[in-house]
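The two complexes that follow have chain A in common; it is paired with chain B in the first and with chain C in the second.
Let's turn to the complex of A and B:
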């Protein structure tokens, strides 16, 4: 079998923000640390994890659109080339496309139709995309504030799929969509992937992701705790490696709806050792100190010393 | 009938009528899920039911009487985006006591930590903010809760946490509930009846 090419790989990524502390003193707040992911040709990598675990920041880091007070460390490679700032500038919007998370990314004073056409699209392509997502012709001349949540979501999807991007980063493309439409959108992303593109799918609708993705990366407090083939998530907790992934699975309405207590630690006051230990059901003394390295286990990657 | 909408018609523009002669009734003790395609008017109907907007035609009755125009509304709405429903310039303690003074018991039930009260909204996560929105809406005169995609933007663990908290209070105080959601599995899990918007 031919080895599939890596489209994007991210190694040991960390992102920190320079912030004012007291008065004129500045401090660095590290929000992403030791993050590793990779996407191959024809693959959908789903990224699941808690709100505020750095999923959207990763998307911004890949496109190079983080705010000025952010600093990025680590190695990102795109098709074998190092993804530098210049390369990001050259590629974004063409080879790397983003499906933004919120309507706030749209220009409030511009008709959405012309925004989807953008600089490089054509009217024809826009109409095909609108048709695909069941957006009627009147929508073209609407302003963002006139859209419902689901309509806005479909507009944002259209902006990314009309080009010929090789890598699509879709940040929460499905909330607000009805089940059928969400499935349709995911099916479309699947087709785009099967044509050889790489897709990073950031989502909270993890049950949907389980149906369409190839691999799933689980984020917690700004780092990857587990990367696993999607079958393991379909199988359930026995096949999963990290206790947090198991907790995610068990919190789904169809799987018991049982939440674990507690909240994710804040950036800036992270616990020592494993970031998950304060909420972990299987923690031991050893979890509370030192760095927990990522290791390969049963065809996946995990950051947990107890995982088997 | 606890909450009843009779022949509601509503349009934002002259061109398109978004709610056309919609009627809906929810009995006491029912938990109803409202599902439907995006853009069909679920949120608009929620806002009308909670008295935020007046319909062009039709009435909303609560417990047999018209929804009050003044004073505390017995029907309270919880939005999808907590960050948009909270004043970003207020500390959360002030937001929490906007409508009433929640007691410690409720704060404990909602899992609201004392130190959060002196923070600004940007210093909390979405799930934590949503707890404030719920607590704020749980005044003693609240008899009915509408949750409009309340947990859509949250991760599944936080979703399950928030629903556990809300259902606990809804049960304890025997409140009526309407849940707007796209997740059929969630609807099945927490509701006693599902209404499809198109078939109303």
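Let's turn to the complex of A and C:
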């Protein structure tokens, strides 16, 4: 693991939106704050967390396609270079690829083939990608609504391999898929990772993350509270560091289905101090003020002052 | 099979509509206070009441209304639309002559409003929220709440009367022999009426296109296209135009009714001798056969527009086109 190259590292990333409150009062709505992740070659990093935690915005932030009223803070590094806006513009669709959720991300009125080619691919590359995913030539002239679920997944994957992506951001690639198809989709991502790519798997399906990822980052209220090797998550709460990760583990059906009391705070009404303190069973006075820094612990990263 | 069924039901609907419109029109005209004989002979003439009665009897004006309608309908089914009182010519001939003149006007206006509206809509939608967007939007709102004849009058006053750039009316120069009239003459006379007529259509198509392109730019497939390296311009070219063209074209064909309605007013303002102008004349002279003829014709015209809109939608939209093959 130590020898592998870092493909992407994100340090202290924040994303906020300019919003107009009542009247003309303008305020910044922070949806991602102090987020830290890194992905290496050949690795699948799962970003797991319940919906509404701003995970999809992370994908847009990495690709540089956030809406105009968003502002980004923090440092992103891609293969040792700072990932500036210009670099993002140059790399997206080539070295950095997004694998979206569903066919809704394809133009309904355009043949699938020319969409896979896009503006940066070629016909030959598209055919190679189609061959790789066993898509027949007829598929090229099909419209998105004519694709079966499985075909659609493979089409979306071919958009990533056509540009020889080194970093793939897969945003919720499995919802709505049957168990077998989800497995199949994850298998494809695994292969892509084994070929040396770095993959960020954004998902709310925690089971899936535990099964296929190399490392898991737990996402809560717009930040990563813990990043740890997947084995720790398989081992259970004793190996985990953050109270929220432990609670998530215990909330899984196979581990007792214990719900976490309370709800995730919304952007705009985040608590001071540790974002999790209102729901944390082991909180102390110290947790409720100041910023809680991320620190290394037992081969992982954690954002909790009391974690051991 | 489905196509046949569709065509059949469309045809039946059209016939019913024609029938209904003709009845309503007929009874509206005969309850008009304008006496056709008076309108025909003119108020200045000194024709005696007896002579007027003879004319009325000759035209069948003294028959009960229902009988008059049935006579008209019978003749129509034999292909005879009767003679126009106002023009003293067979109605079919008037319709033919007038329609050709109107068609040029309407097509010109239709094309201008379509293209102009589409472009304005795209510009304002892509840069929504910008100053340009606000200007275009305001412009459209003003236009759509302004009657066409008023704009026509305004243009007439400014460009024809004050500036003298354009003729004050008619389709050809007054007093020029028909064979001497050049194409340029016709175009010259067409500009202001066509522009007037196009103006009302512009705002409709522009506002519609604007909304559509805003939706498209917010769509997931545009987000993905950007993620794959497309610039804003490429996104518009590859996905924007494709996805807004179908609704825009459909809307434009479905707007035949406004086009026809607008042409009545625009032609009146510019004394442009088209179908709309003939309709006004027919109304003012209680010319029953001609007015019925124009009414039926306008129904056919609007119906054709809607029919083409439906057909095109099916042809252009792959989901309907290829979906039905399965």
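Here is the rule we use: the second predicted complex is superposed on the first by the 251 of 308 C-alpha atoms of A that agree within 3 Å, B and C clash if a C-alpha of one lies under 4 Å from a C-alpha of the other, contacts with A are read in each partner's own complex, and residues count from 1 in each chain.
In the analysis below, a residue touches a chain if its C-beta (ideal position, glycine included) is under 8 Å from a C-beta of that chain, and two chains touch if they have at least 3 such contacts.
Computed from a prediction, not measured in an experiment: that's the story for all the values here.
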item: Chain B versus chain C as contact partner of A:105, first or second or both or neither; value: second
item: First, second, both or neither for A:207, with chain B first and chain C second; value: first
item: Partner chain(s) touched by A:177 [first = chain B, second = chain C, both, neither]; value: first
item: First, second, both or neither for A:97, with chain B first and chain C second; value: second
item: More chain A residues in contact [chain B versus chain C]; value: B
item: Touching partner for A:257 - first (chain B), second (chain C), both, neither; value: first
item: Shared contact residues on chain A - chain B and chain C; value: 146
item: Chain C-touching residues of chain A, taken from the complex the two chains share; value: 60, 63, 65, 89, 92-94, 97-98, 100, 104-110, 118-120, 143, 145-146, 159, 163
item: Complex interface listing, chain B residues touching chain A; value: 12, 15, 35-39, 43, 80, 125-128, 149, 152-161, 163-164, 182-186, 188-190
item: Chain A-touching residues of chain C, taken from the complex the two chains share; value: 220-221, 223-230, 234, 238-239, 242-243, 246, 317-319, 322-323
item: Touching residues on chain A, where the partner in the complex is chain B; value: 48-53, 138, 146-151, 153-154, 172, 175-182, 204, 206-207, 247-248, 251-254, 257-261, 263-264
